[in-house]
Amino acid sequence: MFKTKNFVKMALVTILAALFLAGCGGDKASNESSKDVLAQIKEDKKVVFGVKHDTRLFGLKNPSTGEVEGFDIDLSKALTEEMFGKDVKPEFVEVTSKTRVGLLNNGKVDAVVATMTITEERKKEVDFTDVYFDAGQSLLVKKGSKVQSIDDLKKDTTVLAVKGSTSSINIREKAPETTVLEFENYAEAFTALKADKGDALTTDDSILYGMAEEDPSFELVGGTFTEEPYGIAVKKGNTPLVDELNKALKSLKDSGKYDEIKDKWIKN
Amino acid sequence: MDFLAPFIEVYTPEHFKFLLEGFGVTLKVAAISIVLSFIIGGLIGTLRYARIPVVSQLLAVIVETIRNLPLLLIIFFTYFALPEIGIEMEITTAAIAALTVFESAMLSEIIRSGLNSIEKGQIEAGRASGLNYIQTLRFIIMPQALRRMVPPIVSQFISLLKDTSLAVVIALPDLLHNGQIIYAQKGSYVIPVFVMVALMYFIVNYALSLIARRLELKQA
Amino acid sequence: MLDFSILTTNMDSFLEGLKITIIASLIALLGSFILGTLLAVMRIAPFKPLNWLGTAYVEFIRNIPVLVIVFFVYLAGNFGGMTAGTIGLTIYTAAFIAEAIRAGIMSVPRGQMEAARSTGLTYGQAMRMVILPQAIKIVIPPLGNQFINLVKNSSLLAVVAGGDLMYQGDLISAKTYLTFDTYVFVALFYLILTIPLSLGVGYLEKRLARSN
């Protein structure tokens, strides 16, 4: 049994040593030479997309088939074919909101198509393509509701939102007269809406579409009243890939293929 | 019957297969980690038991530091922080590495106290009969201590199986993670999925705990 | 060297997280002590169905991951992350505390219960006034160990946005992009809590061993 006093002393020494070592490992972030990414993709005959596996309509793994399905997936497939023809196959790797930037930076994925909102903060870390989906805050109501847009949210109405979310803050600003009831998560808020605890539920339309799909007696109304533009993220400095993705995105939009994919998943 | 409807919807052969795939990953990661932890923990425990100056104290501090940190922090650190100093790992490797670091510290304590539980007089007896220190440890102390250590080691393996679930934070496709994907399909799936996931963990861990208990009884 | 400006500019967040970690751990300790005592008494009460119920709870909960319990409470009930996390930790830890307390009660010689009953006390009174006070002494070190585990496990609050130390650390690392340094500071904050507790428990264990 070693003495308590010694232990404290040793602990301090080790912590200091750890701090020192941490300092020595100072040259952080491996700077691999960003060689020609496009050539590499063509050589490997594959392009790796980071996608969500748990987000309805955008990227959701189907447990029965093992395939990931959704708007993000179909768009990635179409972009791959547009950029590289049939030779290059898209591969899908699961990312979460927390892991996606790291996986881009260490080269495990070439591009992230995962309901990622373009923000100034994030632009410091990754490069974004043009907007591929215009998400925005909207309202979900029971079909035939008296609430048809944000202007209908007057004194005697109640809106359900998720606690602490930006959508909850936004709705207070944009409809100051309405009562806001806050829930902990989307599932709870949706259950409350079904139980007539409120007139409308508010959050990103991309999430609301999923709810409307689950229970068709609900619909989105009034369009969006904030902007949450989703972009495809690539590793910072990987400009050739951004350019190619933008070109492909534009031609998908021009050819109508983009709308076809969008209509398949997001029904207005 | 409204309450039961989601259960019937969730409990399909495809979903079972998907959950079992996840459980396979859980078991694989846990098994590799326990073997590695046993080797590393055994080494650390023995070195600490042998009281080699400086080495023992240094190991004591490292072990105590790790034991006093949350495993979740160690997992986050391994996957998200180490790449900043150039150490990058795949998800599975990172999960195994983090679990091994944590469980080695835990196991080293089990092994050390197992060794300590053998009377010191036996070392002297061994030495007196002409064996050297290492031989005494290997042939006299270790075999007795190991037998005593088996039940706590099995218990630790149960902890490890449970702890593996924490690796969902780095998207390891284990049992809990595959459960999450199933309930992401529909809001009403949450409860049936959790009931099934909990039962699967329970069945395996309870069986292991019965084994541990039987081994304990045998020794008593 | 570590970037200490992370610590100085985000001290408020670190302290807020530390506060929530401490509060959640303390509430969960109290809750699981009460629930655990109840379960322990159930397991040894002279009434079979209570025994079964207590045993079923302890065996089931001990053998499933605490994260599964925390997620379940969070998703199936309408609670905030901190509340759901604290309830989940309480449910889990109670099973372990119940075992510790049961062992404590069993260590009090049987004759004492009989003696207490013969003086006219009811079973409940005898348990409360004679057996439990003696059992507590033996139970304190394992309770201390459970408290250390609670402080460590409270990091799971981060997974359900519970605002604890780990959660704050995560937010700070996402803001500063200095994950390594931030996590080292988070680790130091945890050690400030757990190392003194570990030393305290070690001291109690040694004292108890000597007094026996």
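Just so it is clear, A, B and C label the chains in written order, and each chain counts residues from 1 on its own.
The rule we apply is simple: contacts are C-beta pairs under 8 Å (C-beta built on N, C-alpha and C of every residue); 3 or more make two chains touch, one makes a residue touch a chain.
All figures in this text were calculated on a predicted structure; none of them were measured in a lab.
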- Comparing centres built from CA atoms, which chain ends up most distant from chain B? A
- More contacting C-beta pairs: A-B or A-C? The answer is A-B
- Could you state the distance in Å from the CA-based centre of chain B to that of chain C? 20
- Note on the structure: chain A and chain B have mean C-alpha positions lying a whole-number Å distance apart equal to 34
- Give, as an integer number of Å, the spacing between the C-alpha centres of chain C and chain A. 36
- Residues of chain B that touch two or more other chains: which are they? 64-65, 80, 84-85, 169, 190
- Residue ranges of chain C touching at least 2 other chains are 75, 170, 180, 191, 195
- For chain A, write out the residues touching at least two other chains, lowest number first. 7, 11, 15, 22, 25, 28, 98, 187
- Item | Residues of chain C defined as touching chain A within the complex | 1-2, 74-75, 78-81, 84, 161, 170, 177, 180-181, 184, 188, 191, 195, 199, 202-203, 206
- Note on the structure: Given the complex, residues on chain A that touch chain B span 2, 6-7, 10-11, 13-15, 22, 25, 27-30, 53-56, 60-61, 63-64, 66, 94-96, 98-99, 102, 105-106, 187, 190-191, 214
- Query: Where on chain C does chain B make contact in their complex?
  - Reply: 59-60, 62-68, 71-72, 75-76, 148, 152-156, 158-159, 166, 169-170, 173, 178-180, 182-183, 186-187, 190-191, 194-195, 198
- In the complex of these two chains, what residues of chain B are touching chain A? 12, 14-15, 18, 57-58, 60-62, 64-65, 79-80, 83-86, 88, 169-171, 173, 178, 180-182, 184-187, 190
- Task: Within their complex, state which residues of chain B touch chain C.
- Result: 64-65, 67-73, 76-77, 80-82, 84-85, 158, 162-166, 168-169, 176, 183, 190-191, 194, 197-198, 201-202, 205-206, 209
